[in-house]
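The following blocks contain the structures, represented as structure tokens.
In what follows, chain A forms one complex with chain B and a second complex with chain C.
This part shows the complex of A and B:
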């Protein structure tokens, strides 16, 4: 049975009890803010062009207000007096099988939770936050696309979302360390593993050891060049958290606990989230809410840390070493949801000879289409690539040959867009650009910081 | 009691009823509860709220309004007209409407605002039904709310010149006030609630104030 058929079968099998339970789950996900948002929309439609889905397909169902209306209809029908008395007036609708089906299509199939509509809402509705609450309801009803759930399950079962074994991870780290030493000509450069009490615990997206080792090598190069006291963890090293996309606090909390446990085990002072948008938003903003606990340490993006190095004069770069025209993609979860807007720009202005902004940029930038777990949901692949056309056009207009994207989901999507829309660009992380631009001092003897690892 | 006095009392009663109903709705929304926040803030919630109600309201602050200047202008004109009409209604209720003689400047200014409000309301209604995606988004509430409100503003303007229309204005005001809690006009209160939440959220995260 295909994934689409399986989800359809689950929808068909919904009983009245399932629907009642779903409604109770939905009720439990609403707070004061969401209850207000759900009663505020005036259907002005000005949010339409804010959405990359609507911009690319011009379908009514892709308008953020329409997606919000699907959720608001249920809220009105079940939780407001007006909706119960006159459901037809404001479009109230009961939470039945058809409505649930409409939710699945709207919330998983036509939304990357990028939040651009929220910034553009004329009445101030945080639309993506409401849609996330409804998505979480579907997840807990078992109506999440199987391939998205699989990523979560793999994380929960193996400690990382690609199922990389501890041995493979440590071997890869060792291999990347050797490559880095050769590349920078410094045999003392290290990727410390499980260094107790290191100042910084650096966390990694599993796509780096699996598919993009040069990204990890670049990050390690920068950390070494800055003389950082750092380590990676042998376990609990994966920064990703697809609980953000399943919108289930249970998923998110359980995965986030891995990083928190690593911090506790190693006694590090700062948790550094490598270049990954959703990983940053999950660890920095959501984990504390899922776990209902204020972290006892600092959590920062690697972008912030690199900018600190520059401000402290710990990195020297020569922009002439990266001469081609470059532009910057703003991952929604780093920038709009994460609040990290300027550090990456400050870094790139130092490292690039020809840096141009996309239009629009910063918090107003468009989603690439790969967020919200879209990359893992095969049934929506065509829609995802179509919606990415907006980003492709943005890139094309800059004339850039290099696209810098501090997020691995974005990078995956941008690579597909590069092929689909024949952009002819190279895509790199910010750390890769910094590593390319680094002016390396001759290798000097340094204090041994390597901690032997049980491999 | 004259019929006019009865109508005026009716407006006050409907106004109080609307206020109570809206207060109940807000209280019910608040009853959903506010979760404590554990993640340390990166920015300031207060600055975010200030931005949301201040610079964030500028037409240049959002792409949605920057790129739709006509819709924005119609909306502003409409809302100014509505506020002006309610101000005029208040003067009528306390018997102070003579301060707005249509032959004098303040009265003329009010007339302009009300006229602009009617144009804004009708413009938005036409836009709603001539734009495919807006038609698709619309529910009966959109037409009812607009017609009631625009009618109220139009009658306020007409009353400025013709006192004989006052009963019609008061009756329309009663209808409108009864309708406020039932449909989208409830955004007259929820706009402030939602925008405050939005400002707090993005302010804490350091996204607000937006940098362009």
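This part shows the complex of A and C:
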């Protein structure tokens, strides 16, 4: 049975008890703010043009207010006096099988949780948060697309979302260390593993060791050039957290605990989240909520750390080394949700000879279409590529040949958009650009902290 | 469920073009997928060395190999792998080798 059919079968099998349980789960996710949001929409329609789904398909079902209304209708029918007395009035609709099906389609199929609608809502409704609460309800009812759930399950079972063994991870780290040493001609450059008490623990997206280790190599090159006292972890090295997309705090907390445990085990002072939007938002902003515990260390994006190096004069770059016209993509979870807006720009202005912004940019930038777990849900691929047309057009208008994207999820979507829309661009992380622009100082004797640790 | 037509056969694929039944794969299908999915008119010996390794790894261990293992087994430099398969090792090489879609950010 295909994954799509399997979800449909689970929908068909829903009992009244399942629905009642789902309603209770949903109610449990609504605080006062969410309950107020569900009764605040004035249907002004301004969110329509804020959404990359609506802008690319012009379907009523893609308007954020319409998606919100699906959720609000259930709230109204079951949790307001008016809705209980006169369910036919005021857009109230009971939580039955058809309604649940409509939720699945709206919340998984037509939303990347990018939050651009929230930013542009005239009455200040945090639309994506409400949609996330409803998505989490579906997840806990077992109505999440299986391929999205599988990424969560793999993380929970193996400690990383691609099921990479410890042996494979360590072998790749060692290989990339050797590649880096050859590439920069510095046999003393290192990727330390499990270095106790290192100032910085650097974490990566499993996609790097598995399929794209040149990204890891670029980050390691920058960390070595800056003379950082850093390490990666042999266990608990994966920065991703698909609990953000399943919208289940139980998933999110269990996965976030891996990074927290690594920090504790190694006694590092700063947790650095590599270039991954959702991983940053999850670790920096959500983990403390999920775990009900404030971490006792600093959590920063690698973008912030690299910008610190520049401000401290620890990196020398020559923008002439990256001469082609380049633009920057703002990942929703790094920028709009994550609040990391200017460091990447300050870095790129130093490293690029011809840097142009997309329009709109920063917090107003459009989602690439790959966020919210969309890349994992094969059933929505056509919709994902269609919704990415907005981003493709933004890129095309810049005339850039290089697109810099500090997020692996975005990079994967941008690679597909590049083919689908024939953009003819190259896509890189910020660290890859910095590594390309680096001017290597003549070899100097290294301080004690850079001596390789035994492994 | 989407399908592809090839050599008189109808094969089920997921919405991203990964085979639903990896056992239906053969060399001819790899060449077909190379043309329609990767825009590669011809598969060279280098392509085949990557595809054959990924395929045998899959048949033995039921998953996609690390790119490290690909380079080690084929002797190809890392950068060459990306030149050979424009969509990368996952959406390019693994798909041509008839693997199901790997988990994670791919």
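One rule holds for everything that comes next: the second predicted complex is superposed on the first by the 445 of 455 C-alpha atoms of A that agree within 3 Å, B and C clash if a C-alpha of one lies under 4 Å from a C-alpha of the other, contacts with A are read in each partner's own complex, and residues count from 1 in each chain.
Criterion: a residue touches a chain if its C-beta (ideal position, glycine included) is under 8 Å from a C-beta of that chain, and two chains touch if they have at least 3 such contacts.
All figures in this text were calculated on a predicted structure; none of them were measured in a lab.
Because the two structures share chain A, they can be overlaid on it, and in that overlay chain B and chain C fit beside each other without clashing. Using the contact criterion defined above for the overlaid structures, shared-chain residue A:36 touches chain B, although it does not reach chain C. In the superposition on chain A, A:86 makes contact with chain B only, while chain C stays out of contact range. Legend: residue contacts after superposition of the two complexes on their common chain; A:285 is shown touching chain B, with no touch to chain C. Between chain B and chain C, more residues of chain A are touched by B. Of the two partner chains, neither chain B nor chain C is touched by A:321. Residue contacts after overlaying the shared chain place A:386 against neither chain B nor chain C. Between chain B and chain C in the chain A overlay, the least Cα distance found is 25 Å. Every residue of chain C that touches chain A in the complex is listed here, in rising order: 1, 12, 14-16, 18, 20, 63-64, 66-69, 71, 78-79, 82, 86-91, 101-106.
By the touch rule above, chain B contacts chain A in their complex via residues 25-26, 28-40, 42-43, 52, 62-65, 67-68, 71, 75, 131-134, 136-142, 144, 181-184, 186-187, 190-191, 193-199, 201-202, 205-207, 210-212. Put simply, chain A touches chain C in their complex at residues 2-5, 147, 150-151, 154, 161-164, 168, 171-172, 175, 179, 205-207, 209-214, 240, 276, 375-376, 378-382, 408-409, 412, 415-416, 419. Taken together, the chain A residues at the contact with chain B in this complex read 30-37, 39-50, 58, 60, 63, 65-66, 69, 80, 82, 86, 88-91, 118-126, 129, 284-289, 291-295, 335-342, 360, 362-364.
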